[in-house]
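Next, two complexes with subunit A in common: one pairs it with subunit B, the other with subunit C.
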Partner chain A sequence: MSNPAPPRWVEPYAPHAWTDKEIPDYDTLNLYLRDYSDYLLQPPMCKVHATTVQAISNAYWWQVNFGAEDFDNDSMWDQSGIITIHTAGYYVGNASICYATGQTGGGTGYRWQTLYSSRDGGDIASSGEWAETSGYTKRLGVVFGPIRLDKGNYILLRAYQNSGYALNTNATDLEFASDFYCKWIGPA
Partner chain B sequence: MITPTTHLFTAGETLHDDILNRGIRDVYDFLQEPPQFVMRQTTAQSFLNSTWTDVTNWTVDKDNDNFRSAGGAGITISTSGFYTFTYGIGFANVNSAADTTGFRVVGLVIHGFYQGNHYSRPSLTAGMWWADIGAVYGCYMTAGDTVFFRARQSSGVTLNSKVDQVQAHWSGHWISQ
Partner chain C sequence: MTTVTLPATWADGDGINEAKLNAVSALQTWYFGNRPMYHGTANNNYTLTNNAWTVIPLCTASGVINGIKRGFTHTEYTSAITATVPGWYDFVFQGGFQAVANGLTGIRGVAVVKNGMTSGEWAGVRLGPYNDSATGCCTYSGGGTVWLNGTTDYVELWQYSGSSGATDIHTAYTNPYQKPQLGIWWIGRDQT
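And now, the complex of A and B:
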């Protein structure tokens, strides 16, 4: 975890209903005003990107791995490609993969990217297109959400290509690094 | 804009206006309308062949945190935090083979480096479809950072951006401390 943990969040979400002539004590004020406010100012969020080249075999689904976190305030990233949810809720985000240029097979076949959710037990967002040329690096993205994820669920990016050859990703820098980010937007 | 700081209440504390305003009201005001900008290009711009070019000629529809205070093509961050940027551009047809040649790309220059580049092939038929490309990118920004939205094309000739039906657009939104 590279960032401070998010403030405490009462699950299930149950805001306090103030009553007439109620004199709230400091703990009530902190729990239902301060902590919720802190939480909304910095809800659980994770942003990671690839730092090393990864080979994607021909006609085989691969989990896309990442090597560094730019932001992770809820210990979601597992140091590889799995993002585990510790705070239930609805999440939005996007993920992408970049293949390297000039590879044999780089201009052939199909490219498919999906986001897998353990809560749903399958892919919940995807994109795909035909390869057209191996002469440039193309970022292939998947935008997702809002999707419901419970505590302990995980999500990951999977990639598939059928160029006839193994294809390497491009991870030279942020310009061409595969990446992933998600953000909590509301309670489950 | 200053990111508000919540107040830690203590036992026996007397609530006064400053605590309630700074510790509660300002927080909700900020969350209701965090730093954000929305811009679109209303005057066509020329893009030389195989040259990264700042996208400019912006009409600003919203800017609540002096993102455009420095003028020029880019934006400046005043409030630190995690931002998402959405950006895109369409290149107008020239009704020749150039419409189907090369690639089109958009990217952001953050901390001096290109980030979040998205490439696209143009139309397969000259004059038929505009080469329109867009992207979404999230990044932690620090107050004082500058960001530029740049585009590039390799059609072999100079292409203009399209400003009717398709407009270059760029928006940014603070989403977390």
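And now, the complex of A and C:
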């Protein structure tokens, strides 16, 4: 089933003040009662996940790419790793990256993932841990929000590891696929 | 305490009137423009006493990335974040730890605690092992949901470092993404 587009959003939101004896017309009722109520039920939100293995080079920040969307009702995903904001406001969400098991260098060094915001011009949240002493599937998750994003701003997930070798992500199953989710929770 | 506007109720025989329509609009306005939210970060380094939980002061002042305070009472560079609106809140948190690179092993933790550590109300906890065999920082992040009464209930961010040696560790501060931070936002009123 295709993802429905979000209802019309008028910025800045200014609620209509009904006056005594006013006879509301259908357009006013639809806009201020139906559209905005509907908006509460499906605010802009996007969830994407990786479908292919991605090599993360040693000691270098890489943009994490995604191959499929679970839902994206505001056309935010660019078919790679960029999530562009079309509705300004405050957003919350989470993201994760999962490394494949049994790789050379999988047990040394440390691993980071960060959330990059073009509005802030840098990384704003992260999850980073020391690697374990044996190489196995390791998933790091980062949560964020509320963060303010304006129309045209974008956010992306970046990965870093310094095991001494390139490490592959794991994309063989949704359980192990890197992913990204964000949701609008209010206007800026 | 701020009271959330309730939806209007039509009774048998009621027609459309301005009071009920405005009540509906007011409720929508609440969701759209006035949902309480807070995001603060630690804007200094703080010493984490070994084998103990340490409360982390937070800041939302100008210049702090994503700093926002709406519907909460909070004094800059203090820890308690008090909601002025009753309801359920979602939150996310991150703890940041500087590396000591001296081979210490142990546990690091980060938590959101409601109404002080002695209350025992752990809203969200993230614990993990560490092995400082190389130079670098680490962070832990998590999330949860908590009920706040809109008057006295508050939340705080805490970090824990339990090392094999009696060495204090500091929170990470150098890079924005390594800073301890807490985001919390209102998601709904009580159902009573």
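By our rule, the second predicted complex is superposed on the first by the 183 of 188 C-alpha atoms of A that agree within 3 Å, B and C clash if a C-alpha of one lies under 4 Å from a C-alpha of the other, contacts with A are read in each partner's own complex, and residues count from 1 in each chain.
Everything that follows uses one rule, which is that a residue touches a chain if its C-beta (ideal position, glycine included) is under 8 Å from a C-beta of that chain, and two chains touch if they have at least 3 such contacts.
These figures come from a predicted structure and were not determined experimentally.
Trainee: Look at A:L33 in the shared chain and tell me whether it touches subunit B only, subunit C only, both, or neither; answer first, second, both or neither.
Mentor: both
Trainee: State whether A:V143 touches subunit B only (first), subunit C only (second), both chains, or neither.
Mentor: So A:V143 meets both subunit B and subunit C here.
Trainee: Which holds for A:E175: it touches subunit B only (first), subunit C only (second), both, or neither?
Mentor: first
Trainee: Which partner does A:D78 contact after superposing on A: first (subunit B), second (subunit C), both, neither?
Mentor: In the superposed model, A:D78 contacts neither subunit B nor subunit C.
Trainee: For A:Q42 in the superposed arrangement: first (subunit B), second (subunit C), both or neither?
Mentor: first
Trainee: First (subunit B), second (subunit C), both or neither: which does A:S126 touch?
Mentor: second
Trainee: In the superposed arrangement, which partner chain does A:Y90 touch: subunit B (first), subunit C (second), both, or neither?
Mentor: Second partner only, subunit C.
Trainee: By the touch definition at the top of the document, which applies to A:D70: first (subunit B), second (subunit C), both, or neither?
Mentor: In the superposition, A:D70 touches subunit B alone.
Trainee: Hey, what residues of subunit A end up touching subunit B and subunit C alike?
Mentor: Correct list for subunit A: 33, 37, 40, 94, 133, 141, 143.
Trainee: Which of the residues in subunit B come into contact with subunit A in the complex?
Mentor: My answer: residues 3-4, 6-13, 23-24, 27-28, 30-31, 82, 103, 105, 107, 113-121, 135-136, 138-140, 175-177.
Trainee: What residues on subunit A touch subunit C, complex-wise?
Mentor: Interface residues on the subunit A side: 13, 15-22, 24, 32-33, 36-37, 39-40, 90, 92, 94, 109-110, 114-115, 120, 122-130, 133, 141-148, 162, 185-187.
Trainee: What residues on subunit C touch subunit A, complex-wise?
Mentor: Touching subunit A: residues 16-18, 21-22, 24-26, 28-29, 31-33, 35, 37-39, 65-66, 68, 90, 92-94, 128, 130-134, 136-143, 175-178, 181, 183, 185 of subunit C.
Trainee: Of all residues in subunit A, which touch subunit B in the complex?
Mentor: Going by the criterion above, the answer is residues 25-27, 29-30, 33-34, 37-38, 40-43, 45, 47, 70-71, 93-94, 132-133, 136-139, 141, 143, 173-176, 179, 181, 183.
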